[in-house]
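Both of the next two complexes hold chain A, though its partner changes from chain B to chain C.
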Partner chain A sequence: MSARIGALPGAFRAAPVSRYDQAAAMWLLAPMLVVLLAVAVFPVLYSFWVSLFDLKLTRPHRVPFVWFENYAIVFQDPLFWSSVWRTTWFTLMSVTAILVIALLIAILLNEEFPGRRFLSAMLLVPWAIPYVANGLMWKWIYDSGYGALNGLLLQLDFIDKYMFWLGDPDKTLALIANAFVWKEVPLAAILLLVGLKSIPADLYSAARVDGANLWRRFVHITLPGLRPAFMLVMIYETMMAIRHFDLFFILTEGGPAEASHVLAWQVYVETFRKLSFGTGSALAYIMALVTFLLAFWLIRMLGRKL
Partner chain B sequence: MKRFHRRDFLKSSAAAALAGSSTFGALGRALAADPVNFFAWSAGVDQVKSHVSAFEAKTGIKVAYANAPWAQYRDTLVTKFVGRAPLDVLWVSDSWLPEWADAGWLAPIDGYPQLTRYNSDVDDFSTQSMTYKGRQYGLTYYTDYMAFFYDQEKLQKAGISAPPATWDEVVQQSLRIKQAGLAEYPLMLSMARETWLIEFLSAMVFSHGGRFVDDGGAAVMQDRKRGAHAALSWVVDAVGKHKIVSPACVETGELNGLKAFTSGAHAFAMLGRYRVRTLNDPKQSQIAGRARQALMPAGPNGSHATVGWNRFYGLTSTAAKNKAKAADAVKFIEWFGGKADGSYAFQKLMFLDVGAGFAVKPLFKDPDIVAAYQAYSDIGMYERQQSLARKKDVVSPWFGEWDEVNGTAWQAAVLGKSSVDAALKRSADTWNKLRKQS
Partner chain C sequence: MRNLGRNLLLFAASALFLAYVLAPVAWLVSSSVQQESEITSRPPQWIPRQPTLENFEAIFAAEAKQVTYETRRQGDPATGGFIPSTARDLVPAMWNSLIVAVAVVVLNLVVGVPAAYAMAKIRFIGRSGSIYFMLSTRVIPDIALVVPFFLFIHKLGLLDHLGSLIITYLAITVPFTVFILVSYFESLPDELDKAARVDGCSRLQTLLRVYVPLATPSLVAVVLFTFLTSWNEFLLALMFTQTQASQTMPIVVAAFTSDFTISFSFINAAGVIAVIPPVVLAVVFERYIVSGLTAGAVKG
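== the complex of A and B ==
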């Protein structure tokens, strides 16, 4: 027995891999590889292939190969550029608000106070609500006839008659961003809280000894320590905001007029309402490419400072 | 002796399984008669099932009935057509007819006299709604139209003795109601971007004596003399100048509009005619017993015309190509869209159970229907307005694409983000471009 135990360390040394082992590993991994190719790689490549055709489901007998004409059509469409602008504005508003609010919440929850655990649990509630339910809830809140927002503002004497919210094109995008922020803040706050917890307490003690006040400790210790978590939250939320569709679908369907016609909505209209899979796929590819490039740029910019 | 390897076992098993499945598959198909595959949206499901059962019992023909929600119906069906799913008979909306007929998915039914003989009983606009390029593609299952309703009590309180007959009178009466403090926005219009929007807009345009497109299919909506301009100008003024319609109309869908009207917040409303049952139901409406239907108000050069819509039984091209299947499918269509055992049983059942409208004129004289309808509205008004209904003139293969732009343009004008001229020009330009492309 002792001899066997004594032999154990040697068993963990990297042994030369035999051809049999390599083949066995390949065969064992093959089913998952096939599944991945079928459900991930193939649809991605196929949708690119589709984007090169003038494919309209309701015109099944004429599907010409048009090279990159669908992309040219998209770029020449003024609605595409106004959608890009609205998507950018929505993303900027949402991500900025999420980062600020989540940071404040994370700092609060990083302190010890009575009810902290209860508050932490409550914080997760919006995150746990599905997007569709979230959208329906905000639709009810914003309704100009019987919405809770009008009721609240009227009771508080902020307004003297019911306002209309989602129907006002100057307010629509900000109101949808508000609903998006409400849903996304919890996850961002938790990620930032994890980042805060990872900052060594010794740094704060040393700074206090050196006479650094609260603000200087925040600027010189907390913020730099939070950079990795910040980067993660910023990239994740930026991608979520650019691609977001659910709230636009439930709250406004791209309206009123074109006030909430963002890129994700345009992809939906093109693909599932017009059933133009060619231009729909081209749009989706453009959106994916923009998201990828933006994420890449953010990683490079912020990663350099880590 | 040859060894039996694992690979041999797998090969043998697969072969046995294939042989077994094909044998039993063939046996199964032989035992079960090939059913009529009927697809509908999920409305009146219990009524459909009971009528299917009666059809099966009467004819011995099996029916495979399936349904999908209305909101996803078009996408679902298009996908099924493209994927060559088994479909024989289906419910079709008049809005999709040109698209589906041009794609070769629907077959005309005018070669079956046992179906077309019912046309003489059906309102003209309903038959026209099922006709494309001179061919008839179905038998009606449900027909209705956009109606004008008023709250009788509010009018009486404002000292108004009769409902408005013109859109000018709507303005005058609304202002009186508003001044009397009876409603902030007397007229309820639902102008949210949804499938209902084109029905509201068409009713406004038709009652102003207008058209979106002429008989040749060219856009005339931008022409100041052709009614659409007058209709949109009226809506813009009603919202911005007279303030008798809430600016929130652009976020109010048909269902929310119904709720708002039943809450007693408005004096007038444009809603689907069939909503009158809900409006006068005390369990669902605070204005129960007070909701009355009037003829659609007329514009300066218009009439009491309104828009009607039609849903019908369509026959698929694949079913039409198979003689035996087509015979069964035609029997099925007649049982539902025509007479079953000598009467329009299904239309009557749908009307009495769920309040769905019908296009077969003899039912207006049916004692059961008259008695049921008189309990909550006036069947004479129902019939009179239906006789003035017209089919949508914009139904075309490119209708869906144009509808997106047109709805947006009207909303932009209502919100003051665009002039009436610019909005209608945009709509007309889009129409002409799509028409040219097709």
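== the complex of A and C ==
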């Protein structure tokens, strides 16, 4: 949040650009520029170009140029719109849960008490776990035959028989969101904690002198002070949720039926199962544009002081 | 009284926190050392009564103890015989993951450190432009890169080759690396730069002799992030790898999860092995990671 990228001191700014510095900067920057142009910018532009062709790997020798037909095909596909809806729903559930849980954790870790350092170290455990292992772990927890969720709920008498959790279309998305939230919460909590620490302590003591109770201090000082951190976490996690793929692959493969068929999964199916690279690219491009707009907002926040 | 209440509340909250963060992992570890009769019991055996390391042996001693269709059928006391013949692919896959991750880390440093120094400390025409450029490449979603990468890699004949992963992982790591390093270099005083230049150091010497030694914390953070990102990456590896020659750890582990004939305890053991290196790194270097995440604000 204190990312004041590009903020130079005034005196420095006033100095004239020396020819040596200009040349040195170019040489120092060149490797990065070459790499980013080659592996990021060019592929994204090329992807747009591909999306204008009817490119199917099942028919590699005839690749007609079709203008925006792939986009029309995508927009006319009812499965696209239902995936948009499911992606939105998944994102809303995940981001809300991440914000709430991360805020609670940040408040806890903002207190001084013995063992706090141990807790913050443990917070990094979910963050570090690879998504594939995270998916494997939750798939086993949700398992209909021998999983921990069934076992626990049965022992606590919440259910009277083992359930087929991931097979229930009404619950699938929420269960995947739960696995996603568990892994994303640490980063969100760390960022919110930085936000909490940046609120000046005098504000709290002044409010206490004025007779504000704990709840009112929370509502009138903590929440407004956390606004920038909240926004940052919200936008970032929204981007992550929209594009998320790994858990859908491991846990459900888009199923049951189409209950967890989200946009990222749709891109995968179009490109690598139907081998239709044209429509796959168009879809990926639509997703990229949506996240780019969100990201633009984020960049403006991060680079505000440029 | 007030203090007692606070302590009780903190204690309860800490316990709840630890349960949320660690219970799923504890269950994963517990399941990985259970015998077949325990892992298929209802309700679950939370704590294994006779823990066994058979699954781990099947992975690490796979060469000595070939698992074939026949030996699998004969059964293995711990797992009931449901150890896949692909168990021995996991160790080579981890080597692949390691090679890719180390190469990506090295390339990130070579490319990122000079660029970050230039953007943070040198005044030149095009400076803010290059910062915006770097920031905007940070937010390209990996899923948008899949199709073009696949076509390039196909054309270059790099499918099923570790090189394809190293190249593509640069796209998802370099922008973040540069971002963290720029934030850190900016926090170091400009006077150092001037002093070194007055002493006759070139820009490159200034960077290598003055700033790099001072930037160690952020360099550690960058090394860890790039390493973990490469080690954990799944989507691109799924597209570009086909055989043992290039399959990384996540790909082999993911294949276990979709095979219903494999023992659950074996799948969990594979999960434990996948989890140990990144978790150990993260917990040991906690301080660097938290400060890196904070400086970088977001991981992208």
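In this section, the second predicted complex is superposed on the first by the 261 of 306 C-alpha atoms of A that agree within 3 Å, B and C clash if a C-alpha of one lies under 4 Å from a C-alpha of the other, contacts with A are read in each partner's own complex, and residues count from 1 in each chain.
Here is the rule we use: contacts are C-beta pairs under 8 Å (C-beta built on N, C-alpha and C of every residue); 3 or more make two chains touch, one makes a residue touch a chain.
These numbers come from a predicted model, not from an experiment.
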First, second, both or neither for A:138, with chain B first and chain C second: second
Chain touching more of chain A, residue-wise (chain B, chain C): C
Which superposed partner A:59 touches (first chain B, second chain C, both, neither): first
First, second, both or neither for A:274, with chain B first and chain C second: first
Partner chain(s) touched by A:83 [first = chain B, second = chain C, both, neither]: neither
Partner chain(s) touched by A:164 [first = chain B, second = chain C, both, neither]: first
Chain B versus chain C as contact partner of A:266, first or second or both or neither: neither
First (chain B), second (chain C), both or neither touched by A:257: first
Set of chain A residues, in rising order, touched by both chain B and chain C: 143, 145-146, 253, 272
Chain A-facing residues of chain C, complex: 7, 10, 13-14, 17-18, 20-22, 24-25, 27-28, 31, 39-44, 107, 110-112, 114-115, 117-119, 122-125, 127-128, 130-152, 167-168, 170-171, 174-175, 178-179, 182-183, 186, 190, 202-204, 207, 228, 231-232, 234-235, 238-239, 249-250, 253-254, 256-258, 264, 267-268, 270-271, 274-275, 278-279, 281-283, 286, 289-290, 293-300
Interfacial residue positions of chain A with respect to chain C in the complex: 1, 3-9, 12-13, 15, 17, 20-22, 24-29, 31-33, 35-36, 39-44, 46-47, 50, 101, 104-105, 108, 111, 113, 115, 119-133, 135-141, 143, 145-148, 150-151, 154-155, 162, 182, 186-187, 190-191, 194, 232, 236, 239, 242-243, 245-246, 249-250, 253, 264, 267, 271-272, 277, 280-281, 284-285, 287-288, 291-292, 295-296, 298-299, 302-303, 306
Parts of chain B lying in touch with chain A, wherever the complex brings them together: 75, 78-79, 81-82, 99-100, 102-104, 184, 192-194, 246-252, 256, 259-260, 263, 265, 397, 400-401, 404, 407-408, 411-412, 415, 417-418
Footprint of chain B on chain A - complex, ascending: 57-61, 143-146, 161, 164-169, 252-258, 269, 272-275
